[in-house]
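Before I ask anything, let me first share the structure, which is written out below as structure tokens.
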Amino acid sequence: MDKMILSKNDLSKLIEELLKKNKVYGPVKSDDTVLFEEIKKPTELYLDYLNSEVPPKALMLHQTETLFKFIPGPKGKIEPVDMDEKKVIFGIRPCDAKSFAILDHVFEGDFDDPYFITKRKNTILIGLSCSTPGTNCFCTSFDDSPAASKYVDILLTDIGNNYYVEVISDLGKQVTKAAGKLFKSATESDTKKKKDAEKKAIDMISRTQKTDKIVEKLDKIFENRFWKDVAFKCLGCGTCTYLCPTCHCFDIQDESTLTKGARIRVWDNCMNPEYTIHASGYNPRPARANRVRNRIYHKYNYYPKNFDVIACVGCGRCIDLCPVNIDIIDVVTKAGEVKP
Amino acid sequence: MKEKFEPNIIGFLCNWCSYAGADLAGTSRIQYPPNLKVIRVMCSGRVNPIFVINALQQGADGVLIGGCHPGDCHYERGNYLARRRMAVLKKLLEHTGIDPNRVRMTWVSAAEGHKFAEVVKEVTEDIRKLGPMQNFKRENKW
Amino acid sequence: MVDEKELREAVEKTVKRDDVKYVVGYEKGTYGFQVTPCFAYKSEDADKFIFSPLCVHNLAVFPMLEEKPPLRRGEEPDKRKVGVVVKGCDSRAIVQIIQEKGLDREKVVILGIPCTGVVDPKKLEAKFPGKTKNAEIKDDNDKFAITIDGKTSKIAKDELMPDKCKTCEYPTPVLYDILIGKEIKGSKKENYKEIESFEKKSLKDKWQYWEKQFEKCIRCYACRNSCPLCYCKECMVDQLDPQWVRRSVDVSENTAWNLLRAFHLAGRCIGCGQCERVCPMDIPLMKLNKKIEKEIKEMFKYTAGVNAEEKPLLAMFKPDDPEDFIL
């Protein structure tokens, strides 16, 4: 792993270098919301943010994605979509980058999803460590850190006047080679500054979720009354699923006019009663408590059983935005303590 | 010479009065602009604002709702309810920045063939002046 | 200031009744200033209940969220009543639902709380960001007394109240079975100043503003689910045959969704502001609903959720309704 520093004044030059061959997406502030949007100039970036409202999974798994276009009728044909766009996601947080690694298991597992895989291959992730974690951040509960570098191609950490640059993958190496003169070698004091910044951020995280042996514990309490107590106040709104970096359920629809159409894939939401309704009208998850329980089990029981990783990154968006304060840290910690 | 803009207007005409009035205009060979595309509903009270907004989304430049005169509704009160509904809908559209003159309502009875033709002429010219509806039209570009 | 002891006694009395299934009220949340809905099934549960200026949520949504899961053979459905703790504005939601015959008056036991104003969580977060330890707010005449980590500071109410409280005309619940505290006379008047200044803009400017807002929408439907008056068994956007609003997320479909929801709330929205508060993208939904509220007051002299005996706005008519727009 190469260690270098980049002066903050040179950041815009790095972005301009990236803009030459790629589309660059970074945090942009509009009104009071920060979202990951395409930028055309380095000045559009807003880096003084905690985390974006909508996670960057929206750039890999678009909310509305065209799978192919078609023209109906006897002379009809199918037109595949262009997926060769090369892009850079700049300023992604380590937790959101981890979510891509988690989603890889689903989209690159038994069946290869060409849309997600192509986008993943064509995207460079330049991460930005968190210097001030939020109230509800709990990435440390999964043995991660606000400055974890495993899941990005390049990681930048703010160490005062410079950014400490860690190059992790070959894609990252290509970027630093192309913009070679902007980077200088890091000294030992720079490395120490980075370690101090990381420790300071870790100390600021005040909430922890107890997840030891959670898979076995959840196996025993599926029918327990606990779920009804915890989930009865759920409104079934769907905010938590849409804003979760690892939630990935989708629906496929055909949209058309009389002369042309397309098959599209849209985000779906397991909190919706219609999510599992059968064609016969029977609904295996009729109550909101069933659906909340399903979501927690999917993240903390089924996913670890299949892929050895808990499908939660500790970003805290669901806790910040749940209208009725259903707190996943609280729910899972309490679930671990329920006597079966 | 620039081609004249031909607006696309969807008309929801109630079966008993306005549709019959339109029929009368046709059998009396009264000429009126061909821009109105008619959808027959049983009563103007059947017209849900979903229909109006869906029409505007799919490319209609205007919507006309035709009902029976107050007091003459075949179902007693459907036209009264439609009147209230459309009043609220027009105010909402205006508030969002969509010209409320794109959504028009008229009372045309089964005997008023001439009135129907006049109404269609007036609405077509008004919407022609407003231009094509761009605001929230479906792009279908995928 | 509401006496919490009186509140808990009233809840206990209600829960002990044979014909009441549960009572829904407010309890302390899991961090910072959070307050969360809680359910009392037995008398011991009543001790969790609190009421403070942090209790912003509209709990009238819960009696309508009752699910009817499939029953076992021979099992009778549970037809007992539901108790709900409401502030002045929330009670109007229940009255409006009773007016529309969505709920029977006998099916719900209303514990009314006369309210002197609550705190807007977004304004509070902006003033005191990032609190994880539990914090308290108490009512103090025209100020809020905020206690964090033992230190108390007093802030003027106008700084932290949501807009709906500044023009509140119904501080005392309009309908109730038990009133906790004394009635408060409504002294403020609704003025629609913001709506009037927005009306002066040109059509083009208005559309530009709303297009930017609707682009943000992610169609999570949090607004619909937290609204007490959105209780259709099958919402129009979930219908697939015919499909009125497509599942794709773009300006056209988002505009259709927001306009249609605002229309469906015409004459029914009671202005609790819950939709705007829960929207994760901060879309100013109350601007749409308040405009309709203003227009129906002017055109039809109707206010939602005040009289349970009245007929709903769009289900009735008067022979002299305005018809200047009709050819």
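First chain written, first letter: the chains are A, B and C, and each begins at residue 1.
We take it that a residue touches a chain if its C-beta (ideal position, glycine included) is under 8 Å from a C-beta of that chain, and two chains touch if they have at least 3 such contacts.
On a predicted model such as this, the values are computed, not experimentally measured, just so you know.
Of all the chains shown, the one with its CA centroid nearest the global CA centroid is C. Looking at which of A-C and A-B shares more C-beta pairs in contact, the answer is the pair A-C. Averaging C-alpha coordinates per chain places the centre of chain B 36 Å away from that of chain C. Between the CA-based centres of chain A and chain C the separation comes to 32 Å, rounded to the whole angstrom. Inter-chain spacing, taken between the CA centroids of chain A and chain B, is 47 Å. For chain C, residues touching at least two other chains, in rising order: 246, 250. Within chain B, not a single residue touches two or more of the remaining chains. Taken residue by residue, chain A touches two or more other chains at 255, 264, whereas all remaining positions touch fewer.
Contacts from chain A toward chain C in the complex involve residues 31-33, 53-54, 63-64, 134-136, 206-207, 229, 232-233, 235-239, 242-243, 251, 253, 255, 264, 266, 269, 272, 274, 286-288, 319, 321, 323-327, 329-330.
Those residues of chain A that touch chain B in the shared complex are 66, 69, 255, 257, 260, 262, 264. Every residue of chain B that touches chain C in the complex is listed here, in rising order: 49-50, 53-54, 57, 70, 77, 80-81, 83-100, 104-107, 119, 122-123, 135-139. Those residues of chain C whose C-beta lies close enough to touch chain B in the complex are 198-199, 203-211, 214, 236, 244, 246, 250-253, 255-256, 259-260, 262-263, 266-267, 288, 291-292, 295-296, 299-300, 313-315, 317, 319, 321-323, 325-327.
Chain B contributes residues 58, 140, 142 to its touches with chain A in the complex.
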